[in-house]
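Two complexes are shown next, each including chain A; its partner changes from chain B in the first to chain C in the second.
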Partner chain A sequence: MHGSFLSHRGGFWFWVALVLVLSSVLAYVWHEPLGQPNGGTWLGYTLGTVAALLIVWLTFFGVRKRAYYSRLGTVKGWLSAHVYLGGSLLVLGTLHSGFQFGLNIHTLAWLLMVLVIVSGFYGVWVYWRYPERITRNRDGMTRQLIFREVADIDRKASVIVEGLGSPADRMVISAIQLFSIGGGAWHQLTGRDRSRIMVAASKGSAKRWVQVANPTQQRLLDELTGLLSRSADPQEAALLQELIDLISRKAKLMRQLLADIRLQGLMEVWLYCHIPLTMALLATLMAHIVSVFFYW
Partner chain B sequence: MENHFEVVIVGSGPAGLSAAGRAAELDLSHVLLESTSHLANTIQRYQKGKHVMAEPGFLPLRSSLPFDAGSREDILAAWQQNAETLSINVDWQADVVSISGQRGDFTLQTRAGKTIRAANVVLAIGLQGNPRKLGVPGEDQPFVQYQLDDPDEYQNESIMVVGAGDSAIENALALSRNNQVSLINRRDEFARAKEGNLKLLEDAIERGRIKVFFNSSLRQIETLTNGDHLAQVTLTTGEGEVQVPVDRIIARLGAIPPRDFVESCGINFPNDAVNAVPELTHQYESNVPGLYVIGALAGYPLIKQAMNQGYEVIEHILGHDIKPVDNDLLAEKFSGLPFDLDVEQTLELIQNNVLCFGPVNSLRFRELILESEMHTPAEGDVIFSRNDYTNSFYSVVEGSVEVVIDEATGKRVRIGEGHFFGEMGLISGRRRNATVYAGRHCVLVETPRRTMLRLLASADEVRRRIDQVFILRAIHSQFAPNSSLEDLSDLVNSAELRQYAPGEVLFAEGESGDELHLVRRGSLTVSRYLHGREVVLSYVPAGKYVGEMGLLGNTRRTASVRAVVPTETVVMKSGPFLALLDRDPQLKEQVQLQLQARLRANASMEASEEGGELLSFLMRQGLGEATDVLLIDESLCVRCDNCETACASTHGGTSRLNREAGPSYASIHVPTSCRHCEHPHCMKDCPPDAISRNASGEVVIADNCIGCGNCESNCPYGVIQMAQVGGSQPGLWSRVLFGAEHKKIKDKDAPKRAVKCDMCTSLKGGPACVRACPTGAAVRISPEQFIELVQEN
Partner chain C sequence: MYVLIRRLGAGSGPTRTFKDEELAVDKLSIGRGTDQELLLPGDRVAYQHAEISLAAGQFRIRALASSGITVNGRSCKMAVLNSGDQILIADYRLIVLPASEGVDLALSLEVLEQQDAPSVDPASFTIRLDVLQNWRPRRWAWLLFTVLLLGGLLLPALVAMVPGWQNTFRSTPLPDDSFWLSGPLHSMHSTIGKDCQACHTKPFAPVTNEACMDCHADTAVHVSEVHPDTSMFEGERCASCHHEHNGEQRMVFDDQRFCSDCHGNLEQRMSDAPAVERATDFHADHPDFRLSLLQWQPQSQSPRQAVDASLQESSHLTFDHATHLDPQGIKSDDGDWQVLNCGDCHQMTVGGVNMAPINMDQHCASCHALSFDLQDPQRVVPHGKPDQVLASLREYYAAQFVQNRAGAGDIRASRPGGLNNLSELQREGLVWVENKSRAVAEDLFERRACATCHEVERSAEDPAQWLVKPVRLNEEWFASSEFPHGRHTQSECIDCHAADQSAQAEDILMPDIAICQECHKGQQANEGLRSGCISCHSYHQFDVHAELAP
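Moving on, here comes the complex of A and B:
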């Protein structure tokens, strides 16, 4: 029923790619060019043409993916073909070069091709491993449910601190206000929590409020447990304990959310290499073809 | 006498207003009694700016007042104006509480104590019902309200809201922004309220913005003449009596359905079904001579129908012989038939010929034919095919049809004039189980499912006749296609129908019993106690049977069987069944083989407990009544949302599935998306009948949706949204190169319609979500595949 794109139609495209690779390797070995093997022989031209067409077709996947009315196969089938034929390109393109590398536009095109393919392989790996990790980390929650519960905790916490007064109230409220998650790509991928908090810093005898980091509410928890350990009033202690329980739950949710953002980011970020590299590859490929014909 | 009228019309909705309009136009002495102080309360209560639709489009309007699709405000304004120019005599705040007497001499009482006398009464009070009153002295004081239109109208008042439902909570919350609010609940919790409202209420209580009195009820309301407040309420609470000063009381205690009142006027209903409608004649006259019933109360749920009836009923009262407005429609419907008869004669012929329609009253029957289609297929034409998902009901007016009862041998049986077929699909909600071919010169009536269900709900005799035939045919096709019907008579006569509520046990493991259940609608689970827990082993859909082990000799039940959704089974006794098996050794072998297959499947399920857990999880998500559901394998899904984007792009910009929402178990995720239920709850209460099911099973909403939102609230799975459909889809290349997104409709007031998954019926390639999923995570499956899915996992 559910089946990965890797095993689409019993791995049909894997076999197609394998035949393609084997036949070109055989041809390469069997073929005895007059001089050195290179792109200029008839086999070189054939391999080059096939490889260039493949690249154009592989790029076209970005179009097919968004052509929702298309009845030309399914996106899953296309991806299956994309992955296997894209992989075979590594062999085809390299054989086409005849292993003649240098500091020139031709080798740049080959290099970009390899990079696109390598990023593609990495993509397949994350698509294979990450979905399950995400599910496990989510543990039945959705982001919406997490945010809703956090809002709920914040609400309850702000009611409780009304009965506690300073400094707990200012710390708790500022922790809610200075809460920040996500942010730029870097923060997302490293899973850093940029939340902050206001705490009282005593400098000599003068008290001052300063803003400090509060990753996954840890600083707030430290401060609250500190207050609890010094508290002598049983009613205050009970309220503090209730707060600590709530904030601990929030900390757990935060960690879950951060991990979710990080995992999801990692699962997507490679495409941001794959696509620009594809564009660069197309440009150099054009240059490569034009220059070959020009110098001919 | 001043207050003696030729006709009194009760209720100023579209039906009553139109009747009053015609009466005024004809200078008939009349009065229109309306319990509120404005016309058409039901329409007034639509949401502001609602686009009111004029369905059914094919029906012409016949009324002294205008009506066309348009905004609620425009329609109400036009009616108001016409009511004035026609000089309709309206009596406001005239809540009629009793009607007695008969033609020529009726007496009506209003709540305010007024008495009105009339020769004829037209009852047009709709179905919305009147708000339930507080039931204590002072309930009618001006500061006691039963509705809240604009909460921001009140500032700095002390307001008491009474009720425990969502409307009470929502009113209390809205009012608590600017007022001091108390909320009175008769019980100790808000059991009926939505989760979201409860959270907000909890919050408001914590912040001291609302004070709730639990276990409390009003005992008395006293008006205060001095002091800061208008009145003082005495509450009986768990801790004794409490006095609360108030400026306003808002009671939200739900509506009283009008049925009791209608019965108290002497009008009969055919049975106790909730959707039963009174028995009426052709002229909309009830069993009480001179008392007429029209509009929604008479079972016609749309404005245009209601208005037409208003006009017609006055003509009937005056004894004018007018042809119903649908006469031309029927004439056209009958035009292809090989009879040389007028409309009335044709109707009569059909009703006389078709046995099961015999007991239907003529008004109902006319409506039924209006909604049905007539067919005159050529000999050998396919009427429907095996495995189609259609669920209409066919009757043979003339000629005959042939049903293929055994696909392997091609064996057919003939169904002749006066009989019906297609009842299995109608009742089970599942695929057709046989192909039917037209015979020579046959004339058929095809009646849609909704119409049939309405008929079955109000005509017990029709239901009984159909059920009888159903049992016979079900047993014949399931067990004994080769026996003659006479051979089965013992078995059929001893069989009976039984209904089960969701979760109800048919029989439990360890009990003794030898009855066989053939599921005719709904579905069942089979479970056993293993290692101290109940484990679900299999799922039995409509059309299959359970309990055969008892028949074959082992009368101690080895598993428990439970209904998943509302379920009905044909129960067969072992005696006559065993006799049948003895006569037919082939059948016996077949039953044994099926049993063995089931035992084998159970054994393999027992080997993996997660399988059972997954199966019960799927059942809890309503898949026990699904015909096709979208499931996502979370271990493959890369959360790219391509499925949602594909859906939105191919459906006017609104995705009909919410991928992330919805529960998961063992990496199988059930997103919020239509399950295409066997008996769609959404269809239950759709005034223009816009929801239907296609031959291939999809439940779809047609363009004549009026946006009333009934289906949205009836769907238990929350998959219907009200949305503006349209806008523009950017070209493929601007999407590929610039990531352009669907542009929403600009017009804020464009009508909203109900939208949901239609399985991409209009797309050639099938569901866009599945075709757009790059990883193979999204699949659509039918219940037959659940077990396979479970075993795969």
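Moving on, here comes the complex of A and C:
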């Protein structure tokens, strides 16, 4: 199982985190501070100190995972501890706040902490589930192979259209040339296909060519099916049928590719939130600690 | 079935080399998997790509991989194979050969030349997939870190520490140290505004009591300076009980543990026996009420004492609450029956904390008129000192004398030499007026008007003088707590003060703790009116402990 870091050493760090969370919750319930619960009681200081040390230590995971020669535990063990202790921080940090929130640097620190943890949880989820989904989607192929298949289909299609002439040739070649996949982060993560195609648009008596969207080659397939239904020549029909088969195959490959790009992107993108948010949290945490003692 | 595989090699036409291989199989499985009967290496071939089977005398090829197969130029999933059919699987071409003897199916196998895709370069797609990598999370991470450190820590710290910056930043929309604020100031402190340094005089040091006393200099301390154990309070901070930045309405925390901390074990904390009893919770652990009574020294109350049957108030008044509150009514001097309520005499002061003093003119006189002459019931003596009463009577009867003797006086005075009789008339008048006034005064002081309510006695030095004992009504029964009558108006007066059963002015009508405890429970109670110490007591009440002063 890919998520085996979750059960590292029989879930040792899970139990450590659970003990930490339960003891904090029990202490919070048992503790009846004079005034109202906040970070300034002895329990508040204790929880805050433990949470701050945890945050600093959790940040060091980024260093440890690159320290390939380190003998200080395995990276898998560190990841296991990182995930479980990071999760426990959600409880520790919140109890430290005493549920006092406001528009200030202190609540910002808490909010950033929550965002870092939530993005981390999302990372655990994708690392746990997505490799399997990616493998299933690729169906024994690699991304490079799919590209080669697509190129193969394009080659075959461009040979076939030579026997068909206009307008099929213009549409098929333009679909190949205006084929587009990937793009910006948004397009990658939403799996949108921005491929386009030139189709004939008759406006009055004049006929001209316009570029329209061709997501997963569907527009091309629609146009070819239209040509097939109007075709009277059996030889032409046979060529069109062959072309439709090829493009259908290409459409399927494209859907596979789009899904692959999307899944791969989602598996990476959480870290692009997790890391900058962590650094933002570190800065805010420093400001939080200094400011509460500055204005004691 | 027996299958012949002819692997075509180099060359072309009849000189082309080949290598035959015979297989005896149930089905001919084709793929790149090593368990396949016909192994076709190459990424584009699936592990199990296709299979050829014999059924009803026909050979059928079935595609197992999603990329499918091409038979005679047509992509398909399944096809019946005849001699001469061409099968394309990725870059391999299989041709069905005419069957030869001893072989059910013969296939030639050749590897096609790799052709480059003419129109689409796969590299052109992948380039666009690098966008995510171009985000460079580290750069964002350090940018965010720097911005937040500068804006969240450095700038506010400079604003807080550089006096010149404070006005500039705090009076403009520029960012300042206000987002360090952990919560809003109490509404009473809102005048401080953004001047954090008004209280936080020194960085990295807790707010000092001196900072509070700058404005709150007159706040009474809990014990006087002469208290033998003032050392107990050393190190205590205003901020121990007053937590600022906890919202606009919360500054004083009513947690009774602020008090019970000391009042739960005063014996151990104090050098002498404590003057107050242990108290930690109003319902569970609080001594009975003790009353302080007015003493005869000016402005002084007695030490607080427990209520028992012997404790009486000596106000020198005679008053019967029960009779006045008779539900049937009470007969007034003019003969009317009037039903009285507590509120007819006892009214709250403005502010609703205490009850206003009883006043003869307002509360008693409408029934208890100080009239003395049945012929002239409107005529009253003043409610004042005995001398004033006597003077008033003398004036009244002098006037009477003058009027009654007017006829005779006219005649004598109009005669020549008549004035000689004036001194005789004066003497007669003086004697008559004095006797009449004294007789009426005696009746008023000792039998009728005054004696109804007051204790009156004749002076020891001058038996001709009356002494009305001074009225000293107790005003502050509970010296160390405050009872806001205005906040208890939903209760009846007699719920706490059993006035309807009191026939004597000496009766003390103060409630005991049990009556309060009917509604007021301890602060930790699960039900009822949870009441902490400061519901009734004030911490900053210096004179509570005045009795400890030497």
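Basically, the second predicted complex is superposed on the first by the 286 of 296 C-alpha atoms of A that agree within 3 Å, B and C clash if a C-alpha of one lies under 4 Å from a C-alpha of the other, contacts with A are read in each partner's own complex, and residues count from 1 in each chain.
FYI, a contact is a pair of C-beta atoms (placed from the backbone, for glycine too) under 8 Å apart; a residue touches a chain by one contact, two chains touch by 3 or more.
Fair warning: this is a prediction, and the values are worked out from it, not measured in the lab.
Visitor: With both complexes superposed on chain A, which partner does A:Glu132 reach: first (chain B), second (chain C), both or neither?
Guide: After superposing on A, A:Glu132 lies in contact with chain B but is clear of chain C.
Visitor: Kindly classify A:Ala283 by the partners it touches after superposition: chain B alone (first), chain C alone (second), both, or neither?
Guide: In the superposition, A:Ala283 contacts chain C only.
Visitor: Looking at A:Gln144 after the superposition, I want to know if it touches chain B, chain C, both of them or none. Which is it: first, second, both, neither?
Guide: Touch partners of A:Gln144: chain B and chain C.
Visitor: After the superposition on A, what does A:Leu103 contact: first (chain B), second (chain C), both or neither?
Guide: second
Visitor: Is A:Asp152 touching the first partner chain B, the second partner chain C, both, or neither of them?
Guide: So A:Asp152 meets both chain B and chain C here.
Visitor: Quick one: classify A:Trp42 as touching chain B (first), chain C (second), both or neither.
Guide: In the superposition, A:Trp42 touches no partner, neither chain B nor chain C.
Visitor: Does the superposition put A:Val269 against chain B (first), chain C (second), both, or neither?
Guide: second
Visitor: Which partner, chain B or chain C, is in contact with more residues of chain A?
Guide: On the superposition, C touches more of the residues of chain A.
Visitor: Scan A:Trp30 for contacts with chain B and chain C and give back first, second, both or neither.
Guide: Neither chain B nor chain C is touched by A:Trp30.
Visitor: Just which bits of chain A does chain B share with chain C as contact spots?
Guide: The overlap between the chain B and chain C interfaces on chain A comprises residues 140, 142-144, 152, 155, 268.
Visitor: Mind pulling up the chain B residues that touch chain A in the complex?
Guide: So the residues of chain B in touch with chain A come to 199, 203, 206-207, 631, 633-640, 642, 645-646, 649-650, 660-661, 663-664, 667, 732-733, 735-736, 763-765, 768, 770-777, 779, 781, 785, 788-789, 792.
Visitor: Provide the residue numbers of chain A that touch chain C in the complex, in ascending order.
Guide: 32, 34-36, 38, 100, 102-106, 108, 139-145, 147-152, 154-155, 158, 173, 176-177, 179-185, 188, 241-242, 245-246, 249, 252, 261, 265, 268-269, 271-272, 275-280, 282-284, 286-287, 290-296
Visitor: Sort out for me which residues of chain C touch chain A in the complex.
Guide: So the residues of chain C touching chain A come out as 43-44, 46-47, 65-68, 73-76, 115, 117-122, 125-126, 128-129, 131-132, 135, 137-138, 140-149, 152-153, 156-157, 160, 177, 179-184, 196, 200, 203-207, 240-241, 243, 246, 250, 253, 255, 257-258.
Visitor: Using the touch definition from the top, list the residues of chain A that touch chain B in their complex.
Guide: Within the complex, chain A touches chain B at residues 1-5, 8, 62-63, 65-71, 74-76, 78-79, 127, 130-132, 134-135, 140, 142-144, 152, 155-156, 159, 264, 267-268.
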